[in-house]
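Shown below is the structure under consideration.
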Amino acid sequence: MKKIVVKFGGSNLRQPQDIDRVISVVQTYNRPLVLVVSAFFGITNTLIACVQNAKEGAGTKAALAESQDYTQHLRRLKREIIAANVSNPADRDRIEKALAVRIDQLDRYLTGIHCIGDVPTFVYDAILSYGERLSSLLLTEVLLTRGVPAREALPEDIGLITDGVFGNSACDFAASTASVAQALSGDEVIIVPGFYGIDKEGKATLFGRGGSDYSAASIACCICAESLDVWKDVDGFLSADPGAVSTPRSISQLNYLEAAELSYFGAKILHPRTVEPLFNQDIPIRILNITKPERGLQPYTVINAQRKVTKDVVKSVTSTEDVAILKLHGPGVGFKSGILAHVTNALDSNGINIKSVLTAQTAINILLARDHLDAAYAIVAEHHLAGVVEVSRNAEVAIVAVVGDGVLEASDVGSAIASRALSAAIASGVRVCLAAAGASEVAAYMLVHQDDCKLALQAVHAEFFGV
Amino acid sequence: MKKIVVKFGGSNLRQPQDIDRVISVVQTYNRPLVLVVSAFFGITNTLIACVQNAKEGAGTKAALAESQDYTQHLRRLKREIIAANVSNPADRDRIEKALAVRIDQLDRYLTGIHCIGDVPTFVYDAILSYGERLSSLLLTEVLLTRGVPAREALPEDIGLITDGVFGNSACDFAASTASVAQALSGDEVIIVPGFYGIDKEGKATLFGRGGSDYSAASIACCICAESLDVWKDVDGFLSADPGAVSTPRSISQLNYLEAAELSYFGAKILHPRTVEPLFNQDIPIRILNITKPERGLQPYTVINAQRKVTKDVVKSVTSTEDVAILKLHGPGVGFKSGILAHVTNALDSNGINIKSVLTAQTAINILLARDHLDAAYAIVAEHHLAGVVEVSRNAEVAIVAVVGDGVLEASDVGSAIASRALSAAIASGVRVCLAAAGASEVAAYMLVHQDDCKLALQAVHAEFFGV
Amino acid sequence: MKKIVVKFGGSNLRQPQDIDRVISVVQTYNRPLVLVVSAFFGITNTLIACVQNAKEGAGTKAALAESQDYTQHLRRLKREIIAANVSNPADRDRIEKALAVRIDQLDRYLTGIHCIGDVPTFVYDAILSYGERLSSLLLTEVLLTRGVPAREALPEDIGLITDGVFGNSACDFAASTASVAQALSGDEVIIVPGFYGIDKEGKATLFGRGGSDYSAASIACCICAESLDVWKDVDGFLSADPGAVSTPRSISQLNYLEAAELSYFGAKILHPRTVEPLFNQDIPIRILNITKPERGLQPYTVINAQRKVTKDVVKSVTSTEDVAILKLHGPGVGFKSGILAHVTNALDSNGINIKSVLTAQTAINILLARDHLDAAYAIVAEHHLAGVVEVSRNAEVAIVAVVGDGVLEASDVGSAIASRALSAAIASGVRVCLAAAGASEVAAYMLVHQDDCKLALQAVHAEFFGV
Amino acid sequence: MKKIVVKFGGSNLRQPQDIDRVISVVQTYNRPLVLVVSAFFGITNTLIACVQNAKEGAGTKAALAESQDYTQHLRRLKREIIAANVSNPADRDRIEKALAVRIDQLDRYLTGIHCIGDVPTFVYDAILSYGERLSSLLLTEVLLTRGVPAREALPEDIGLITDGVFGNSACDFAASTASVAQALSGDEVIIVPGFYGIDKEGKATLFGRGGSDYSAASIACCICAESLDVWKDVDGFLSADPGAVSTPRSISQLNYLEAAELSYFGAKILHPRTVEPLFNQDIPIRILNITKPERGLQPYTVINAQRKVTKDVVKSVTSTEDVAILKLHGPGVGFKSGILAHVTNALDSNGINIKSVLTAQTAINILLARDHLDAAYAIVAEHHLAGVVEVSRNAEVAIVAVVGDGVLEASDVGSAIASRALSAAIASGVRVCLAAAGASEVAAYMLVHQDDCKLALQAVHAEFFGV
């Protein structure tokens, strides 16, 4: 029988009592599972702050004390979770000791930064992996106290090998599949910490922010899982962010491409790369809501290979502000062979990832992660490209995207979905500075003034969903 | 007094009697001019066919005979023109002899191809320049017989130096400006053959198809001309191709960007790069109609630096079928750092010019000249890029573009211009596969099925111009 | 039975009556052969002069006349050869006509240059191949008139495919072996013109100056020949150039490495790359003297894989003046990682071949072909390499080399061969500026002042051979 | 008045009482000086071992204890030195406290390694710099207690900026000169720790093993010193290593090139790159012997720009075993354009420094640091270079070099110096596998079997010096 990979994110792990819910989900499955777990909510952010702090104050007693305060706080936190979830004092004691060993390791890394005064990339990745390592240990132990046969399996134990890129690695399936598949066989519940794999020397490398989804998808791929079940605390993918729109609808099905584009253009449900490992395997991703136990194992959204243009076409409207635009102006830049190649090459070799490029005869537009804008601007500016008369940049932008197979089809009112979206935004007074449809067959997006982002989302959502 | 550069294209030089019209235009100016002339209508195409023919049949008597037939035909043609334009027999004789020398040179190149069995790029460029060389000689001589002080100035004589790229060169202004400016001083009418400059060894290099406009613009830039006057046989830039739309309107003003985008997206009035040399000089381009002598020197369209969003916004709708799309599919291609750089680099270093790029998370779309599609496909296919699961190509597409400063502004019916264009096309049943707006601030375009191109043009034009 | 590939060079083809000698050699073999033939002596040089002439005077009647004079001269020359070798008038007539067709083709190429005013590389290679093409045709025809079953096989007919580098190509064995082997089967004598192969489009590409040896070796490799017999008019490899040394000895055996180094360092007997194709095949090369028919098929020198250090060690002393030295000075150039890589890369990508490199802490010495010195100097000078304080060049040098397996062994007088050579030169007053031994296990060389070259050769030869 | 830069190496700093000698040298000068000091003898090696140990045992208590033992040992050592050199208890106390602060910093780095489990390059460089930092602090303090006005100046304080290459950096003179010159003005004795500079972020970067000489030379260059005085415990440069030859002679003068080559080929007196910064400045380097106080400030060897070919020519014979040879064999590798460029490029981009290259037609010889041989072999092997039929390597070699301006001149016995050296070696039975002379105008070298290194040195030395 194929296994199911079940992923619990930080949103499922906020309170000590959340552990109970996780355990009851596991019991509902009543079959061998592989659990992939995130850090408790907020832990990763605090670890980042803590690393930054340790680096800046390196060598000062205050910074060292603060680091130690933080790990003390972690110890307390974990003790509370144990207290809330484990009644037997001997068990409590054993689990606390096991956690202490792990927090000591974390402590050591923080002390290391303090000692050497900087944060090598491998130390950064190692430290950030501790949020997940604590979750997996804790959950395993609690499951055992509840009589559920369980064992923890760390990426270093199961051979989840990556390409070795610190901070943003990808799984090396050729190196991982056989050993992961073998290590994850057995009938107990196996708990794997998400977010990281290991390079060929055994160092932890992160899969990028939110990378536990990617961990889970990689493992699902390695073991040919029946499905990847991702538990959230919302009703799956929605037609829009409920923070922006009052009553968004839930989406029952998405195909892989739609899910990838939605995530790329801002939906927070999945990490944008989650789909990658499963794409060719046709392993469905099922999104479930842990706060709705009455639904049992019935998912809100199922993501699979099934592509169909529905009558309504638009499945979701999404947005992100993590974007900025770099523009190269010149009367013939679209024609000058080589400018684009030169620029994309220079940006890539400086580690800057391009989100999208759009060219015309008189301008080349490059969309980037906002953090990279200034570096990208500096790189392009210093290259003095013949034919480029001006380089401009704008970070006060946001992307609003409409996703659904068939965005360029005629809708029931006779217009293309993409043009209805654009018209709706502009009619509401949204300042649009770029619009594109069909780049992926399932997505249309517009780049708007940052201040108009919510307005645009509401207008576009109202156009298609009436609210 | 600044000079005016006046350019006569092939459309002004169809019949022997067209010379008369050109001369009367020159006389209307009644001031020193620099004339830049194209080949007579059809000559360049015939030269291309002739070269191709000579190459394919190289070494056969038939091919040689055919080449000689062609140059005989040219001689006859020129003789007719002379007969129609020059009455004095002594003049006729002199002019015929001068032309014979030049046609002999052309003959020699064709014989050369025949002898060596292939067409080196420099020979190709040299042969194609003869269409213009014959025009300039002929026009100069006829002007002289009419008592107009005139002299011919070949690019090799005036030092119009290029970057040396055969077939698609650009002017090297640093090397050209001083010598061109000096060589073109004087009070007579100076006639320069368009379409080519010379590399540093003195070999002719073409400015690309339709490059006489670019010649004229380069010269205008070198001599700081008062304006560049381009004579056509139509009423300047129109709101659409009259072959597709029954009553297109004439456009009285365009800014440089609008003119560049219109040309890039298919308008045949100007070569797409004409604007480049003039952009920073603020030298206006004026489009006049030689068939309407009653208007005198009043242009139909003036192109200058003036940017304004008009109430109507849309100035013109245009289209081209010289486009094809190459698509790289993969669930994470938008995220994979480096794929885009790798591809653009590979295409560029193989001499393939990219017209536009549009990326999303799951696909990279590359628009190319149609001729380059298969080569581009082969290059991308052989690179086996990690993360690309499929490469597809489609040559059965056309671009329809809407040009006007402010394409993303709200129009009077409350929609963005771009979305009205898209909706109009889709409502007419046009199959759209890609749409983008704002890449240049003055242009929105859609990629449609080739068979729907005219339909799209009509629908979009009707939307904005009512017809 | 394996075939023998027999190569006749230009030195075997000086006079009309030389044909007789060639034919009698062929008859002596009395078995199926593949003959590879060079142009008649002097023809290639005249063709080069003729091409140069045609280019410089392109378009002038004088140059055209001169080209035609030359081909007339060729026709006369061939006619004399025919007259001297063929008695039957009908045969004469037929052969003359066949040759006329080929000379007409050559004529056409020369006319082509005249017409287009320049010499594309492919035309240069094509024209130079005609010296060989005439030899092979003539020899085939004469053999037939003598009753020897024979046929001509052109590289384009047998599929001798190259890497396509004009002027200096190499055989593409993967593409050639099968078709060459098949095309050269059969019992008649098959005559192949040397010096060129064809690229994938069918254009002739030369194997480099003296490349008929390389042609013959490539063919020998393709057909797994029993041996490659190279006929010369001297007694094989000698202990020194008889022009410099009064009584050099003949060398009965060389191994492949020794032959390669001797040719590299100036011996004119074989093209330096002849050994390449045969190296792994263990096909011997036998050098015979056509002027000594009394020896029959007994070679003067046999070149094979057999390596042995003889008592005398030194087999030959050779020299070349086609060398120059480029020197990069700087107190730490030997230590600066990357200078050497940078320089060799820059030279290579500009098509400059490095003969040898020798570095120390304070200088990098680069030996080059003399023609390339100035270009190399310019390239290095413009790179402004950090750490290089001076670049100097010297074309007034020559290389004198001592070749023999074991050059670093002790000789009978207790010194190393290499040091005896060096001492002998210096004791004679030779100005030596660089010396190296053991770079190849079979060669030691010294770089001397050009004016001392002959002196050095004599001194070194006397040291080892007593004369 | 120009200052003198005085450098004391580890050999001057072996025993506590050595400080006395250093101080009395300083007093002998009786003028403002800049002292550049190495670590005490053996300290750097122990730090390396300590780092390695900390890394390997990272996380174990044993390793941590060992690190702490080591720094305790350092503290004791320094206390002994203080005890031996400082009598006043208050002074002792103050100095001990100052040293304790610095050793605490070192301790922290070692703890850092222990904590993070690996050694980032910047930590490695930082730790190794502590040997010098302790010397400079100690020496400054002792000088002060002796009443000599003195102050310590760390590279980070004076702005000795490098190119930022950890482990093997070079001084960035453009960034350093002004600030170093200003910071080192003043009339007291200024003590600078050698061996490291700082990158633009302020991190310590080492100048390579033995780099204190280079530090001192860089500083001498920055301040336009009168001379650089390097104190050793031997009589300057000798005609050979006294370990190999019984009575080597002292050399009174060397020019920069000779000194650079001697160091490059194994002489341990100076770091090979010491000459670089001084070369263009004509600042002499004077080598003095601290164990011969009776000579006062009279140097044994002076190194300056003066080049002269002396009657004896040979100034010194030297050797090194830090060398290995990589050989690419193939019948035409010397001819194949690009193989050398390809190989040097691949080696350089993998951080492998080439000591020397020597090519012939049939082999390319690359001399490397012995540590790099296997990596270089692997790189070349995996490149599968067309034309290379075999790659071989040999680490059992040594270089023996003869240095002296004029190595290719005739010596008094009528032979070239270089050939006498080679003959002497071979006559003694030395197995020579490569020999080159004139690569630098001042050096000839031979590559011999490692076991014959001493024998070769003796034979060659005897040849020129009679002993």
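Points to keep in mind about this one:
Order as written gives the chain letters A, B, C and D; numbering starts at 1 within each chain.
The rule we apply is simple: a residue touches a chain if its C-beta (ideal position, glycine included) is under 8 Å from a C-beta of that chain, and two chains touch if they have at least 3 such contacts.
Note that the structure is predicted; figures quoted are calculated from it, not measured.
Chains making contact with chain A as well as with chain C: B, D. For the pair chain A and chain D, the distance between C-alpha centroids works out to 51 Å.
Rounded to whole angstrom units, the spacing between the C-alpha centres of chain A and chain B is 49.
Residues of chain A found to touch two or more other chains are absent. Taken together, the chains touch in the following pairs: A-B, A-D, B-C, C-D. By the touch criterion stated above, chain A contacts chain D in their complex at residues 59, 108-109, 111-116, 118, 120, 122-123, 126, 203.
Within the complex formed with chain B, the residues of chain A that make contact are 256-257, 260-261, 263-265, 272-273, 275-276, 279-280, 331-332, 334-335, 337-338, 340-342, 344-345, 347-349, 351, 353-363, 365, 387, 389, 408-410, 414-416, 418-423, 425-427, 432-445, 447.
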